[in-house]
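Scrolling down, you'll hit the structures one after another.
Each of the next two complexes has chain A plus one more chain, namely chain B in the first and chain C in the second.
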Partner chain A sequence: MTTLPTADTALSGTLPARRRAPIVRLLRAEIRWIFRRPRTLVVLGLLAALPVITGVAVNLTVDPGASAPPGPGPIGPGGEAPIFVTMATSAFVLPLGSLMTLLILMLPLTVAMAGGDALAGEQSTGALRGWLLAPVARGRLLVVKSVGVLAVALVASALVVTSGLVTGLVLAGTDGLVSMSGTELSVGDVLWRLAFAIAWSTVYLMGVGAVALAISASTEHPMLVVVSVLGGLIVSQVLLQFSALDWLHPYLLPTSVNSLVDLIRDPVSFDGLAEGAVRALCYLVIGMSLAYARLTTKDG
Partner chain B sequence: MRPRTKALVAAGSGIAAGLAGLALTALPAGADDDPVLPAIGAEELVTSALAAEPPAFAGVAEVQNELGLPALPATTGTESAAELLDFDEVRVFHDSEENARVQVERRTSELTFVKNANEAWAYDSKKNAAKHVTWDDADVAAARERAGAWTADGMTDGMADPSQAAAEIIERLRPTSDMVVDGTARVADRAAYELVLTPKPSEKTLLREITVAIDEETRVPLRFDVYANGRSEPVLSLGFVEFEVGAQDAGLFEFTPPEGAEVETTDAGDAARAAGERAGAEDIEQSTTTVGDGWDAVVVGEAPAEAPSEAPAEYGQDLDGLLGQFGEPVSGEFGSGTHVQITVGGVILTDDGRFAAGAVPQQVLVDALDGQ
Partner chain C sequence: MTTARAEVAVPEAENASGTALAARTRGLRKVYRGTVAVDGVDLEVPEGAVVGMLGPNGSGKTTTIRMLLGLVQPTEGEIELLGVPVPGAADRVLPHVGALVEGPGFHPFLSGRENLLRFAAAEPLLARGELDGAVSTALERVGLTAAARRKYRAYSLGMKQRLGLASALLAPRRLVVLDEPTNGLDPAGTQEVRRIIEELHANGVTVLVSSHLLAEVEATCTHVVVLNEGVVVAQGALDDLLESGSPTLLVSTPDGARAVEVLRDQRIPARLAPDGVRVDVATTPPARVIETLVRSGIGVDEARRERTGLEEAFARLTHDVGEVVGDVAGELDADEPEVAR
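Let's look at the complex of A and B:
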């Protein structure tokens, strides 16, 4: 972290001058730092590959006869056909289906990893020490780190959707852009729905990321961050299986993921998605305030 | 110590705000106090509800089902009752005339029904198949005629006049039920009257009451609840959670099946004539009889003979086993059979292929069979 303007601010001494420290440069440095880590690149590569693998695998198992209607697709292990098998490999359902599947564990894992590296990881390698000693307000340190996590969340979601979209276009062209309500959608329609899905998924992942940052600020083991976040998600998903705990479900973050299916319906019903976004924002507020509280009381 | 207090304040207020937000999403909508509405009599309410033209609206309905239906395995091509009620929500669009769109949404699939001036579509996303029914003006006239004949036959021909119809309905219910307007409720954030129908004490039924919430402004029924004896929560509740009056996009009432979907087209006129020739409905009417009336009416009849053969062999073999699992054996003067009980009623299937069903306890079913 050689970009810190330590000399200037120490000399000028006035508050406004210090506030004008080039945050854009800090952000750029942080983001470059994140996307140069090999592990980030490996995970992003995996995320991009999964929709391709799903698409190709489904394309091989479903009757490839071009004119024959897909009909009742092969039934999934649960007896119910998963959506992206019934509608095969369309450029609309494949990206959304992949995003929903990956939102269960893989994408939160990516974000938790970024959150763990951001504070706990740098603490363990001693890189955070420079930040804590430098005259950078702790709030701004948190902003810089959160923007880093946000960038990972956005890039990961966009990568999954784009990879699914491209795979779908290669496999099926613009055929089968059909909503679950049976209406054919224009390419523009599909694109705005996918863009909305990316935005929503980013908000959801930031809910996860904020909790990761809060844990990250209180430990120096990045592994602990990833384990706690994944543990929390798995426990939440187990709790979601019990209908006796209905009252608890609105408080659990993974409740919202299924609302993404509403984007395949026509007209789109935004109620569930809006509720999910609010839920993610609540987690964001809680996580961020805890991370801030922990960070401001941290000693160099 | 200042950073420490700052940190505590930040953490405390952040957690409080976040939890409050989560609690808000958890709260059921419209948990406010009951609205205050001008008093209205049951008869007047029913009259106005029958007279009212449904407005153009968009709504979301949900169903809560505590019926305790046995989860029978679905046979090919058919779905068990428990499965039919297994959906997340239903979205309804109506344009105040003859056009309507209903979307039954399940977790990963959807059933879409679209009806407009001269055709109706039903699309199942799971099977990617659509059913298409068309009709022309002559069919509509014929249907009206049949409907007219039916009402003239079954009821007085005053059915066309809502106030007379309401009086008729209430008159028919009076010997067996009490009907009152019992306060008001807020349904889908709208003020509504609660119309309550309770059986007279002499009725031997498992049901405690049926309530219908009728919107004060538009007189559309917004919610329908069935209560059974010994339960405080409704055993079946079907109602709107969102209801918005307003013009709807005309495109919602058009349907073009997607490319590659299986489409099965029938003409309503032909179908009706074919049905008339087969007279299937009348057959069923002849093969069943109703014992008693009102709430403790019991339908007794012959179980349709072809039903078991439709079930795939592996289920057919264990059909008896399944019955044994869900039901309990009963016997009486009629012979012996199996009684399957759900929260709102029961069915006895006798060993010689007859059935008796009703919203009544087991003994009433047995008596009905004995009386045959």
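Let's look at the complex of A and C:
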């Protein structure tokens, strides 16, 4: 027992000017916590496995003699080939297709889970109090938590795309890197499109994540956050089925997902992607504002 | 590490007797959805004191502590912590305040050490290079070094409580606030908490500890605040509080019945007690009581002033205000059966 906490000798009279823990330190602690969580790792593992499973399954059903790599020939002209058939042979479409499929439910739920754990989960274990008392100002806390959710969105998207890309390369090599419009794409061309897809997916998922954080700031039950986001996604997708509600569709976040298809076209049409990104950013701003308002006024 | 108390003295907040205050509240009030949890609390925590906060369950102890620490916005009233208004300037004062509130809160899938490292990262007073050392020291102080690498999930209730205590001691503190620190601890653990509080006290750190274990408070605290139904019913130095009850003299005598008779003849209030008589000495000096007895030929084996136990004082204080004594007695019975009633 050599060092004991004693009254800080540097203090005299008034307390010193405010001191804060460096935000980088908080971010590192947050990221480490997120990626140490068994739940996060299980879900990320699942996300990485799905493109592999899809690729192998489709490859086996469509082309039992996969040893002979098919050339670009079998791909139908004008993007008529069904996307699942094309997937089997392409290191380009498999990652994009997987991303689009998983963006419907799995990826948003992953991000919702991260958002739920970020505030509601920490609140329910009482661990949030530790940081509030340190103290971490609530605005800074929200920044740190948002960056954590962003990290999950980015890592999950990148994992799906990378897993799809590697699976595609293993199954078909660099053959079949063909756009939906029928033009052949260089490896570099494919890579930037995939990188763009990751970035776009991250922005989209942050729209979901911000809403999740807003709910997370209002409850102590992380499951409630996931369930609410799931409910919201299902309702949105049901509403998207009704053409009578056309006027409503631009306001629904899942409307954006389909624009990812534009990345398979040549040349890429960015209109839909930009609109989707802006829509996600609107959700982001609204979600973050609500989360901030709730977090700064709530009792800790 | 030197402790220069003179340099630390805070001149901002002082009470009537001129003592510096580590914490002070004025007219503190908190209403939760129409229910008044805390009302008109004027709390004074002198610098360097160990203040025990007592009260039955639901008396507003935790709510008051949460408001002190800026976790909860008071409905009305002012709070000053180390001379700084809270929650307004909480970010300036909280680095110097260690707290264990409402039980330990940690992540089950991280080890005790990793949990503390996560908290240490947010401590403004710890430089980057000091984090590891601070965590190790805190773990050592609460006796968790051996279990530091085990998952929090696998900790016993007592170990969890100790880890919570360690998190309050991560950085150099001027005020340490402990809400029910001995919950779930075995007698050895309780002893250790007592030792830690004494160490903090010896180092000039102010300690505010809430508890419903009266023996615990009586053993460790210099000052006491008693809350009942959200209102402060008594506060001050522990000794003053104990003296405030009606003073009694306990006289051991083989002839108790006759002693009572003799004393009552002299208009000295007395009643029979096991092994003797209990005499009220509020108006009669003890010397006269002995004299009266001896002159009447009653043998006195032993006579001693009976200090009002904290438990008695507590029961009296909480009884005067409300109808909670029954609850308190039940609670004390459940928590501390060894306390003689």
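Everything below uses one rule, namely that the second predicted complex is superposed on the first by the 259 of 300 C-alpha atoms of A that agree within 3 Å, B and C clash if a C-alpha of one lies under 4 Å from a C-alpha of the other, contacts with A are read in each partner's own complex, and residues count from 1 in each chain.
The working rule: contacts are C-beta pairs under 8 Å (C-beta built on N, C-alpha and C of every residue); 3 or more make two chains touch, one makes a residue touch a chain.
None of these values were measured; they are calculated from a predicted model.
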(request) Kindly classify A:188 by the partners it touches after superposition: chain B alone (first), chain C alone (second), both, or neither? (result) neither
(message) I'd like to know which partner A:290 touches here: chain B for first, chain C for second, both or neither.
(response) first
(request) Applying the touch criterion given at the start, work out whether A:26 contacts chain B, chain C, both or neither, answering first, second, both or neither. (result) second
(request) Determine, under the contact definition given at the top, whether A:279 touches first (chain B), second (chain C), both, or neither. (result) first
(request) Using the touch definition from the top, say if A:267 reaches chain B (first), chain C (second), both or neither. (result) first
(request) Report for A:176: first if it touches chain B alone, second if chain C alone, otherwise both or neither. (result) first
(request) Classify the contacts of A:38 with the two partner chains as first (chain B alone), second (chain C alone), both, or neither. (result) second
(request) Could you list which residues of chain A make contact with chain B in one structure and with chain C in the other? (result) 297
(request) In the complex, go through chain A and note every residue touching chain C. (result) 1, 3-9, 11-22, 25-26, 28-29, 32-33, 36-38, 125-137, 297, 299-300
(message) If we count contacts the way the header does, which residues on chain C are in touch with chain A in the complex?
(response) 1-5, 7-8, 10-12, 66, 69-73, 82-84, 90-99, 101-110, 114-115, 117-119, 121-126, 128, 137, 140-141, 167, 169, 171-174, 199-200, 203-205
(request) Could you please specify the touching residues of chain B with respect to chain A in the complex? (result) 3-4, 6-8, 10-11, 13-15, 17-19, 21-26, 60, 91, 103, 105, 107-110, 112, 121, 123, 125-128, 130, 242, 249, 252, 255-262
(request) State the interface residues of chain A toward chain B in the complex, per the touch definition above. (result) 69-72, 80-83, 86-87, 175-176, 178, 180-184, 247, 250-251, 258, 261, 265, 267, 269, 271, 275, 278-279, 281-286, 288-290, 292-294, 296-297
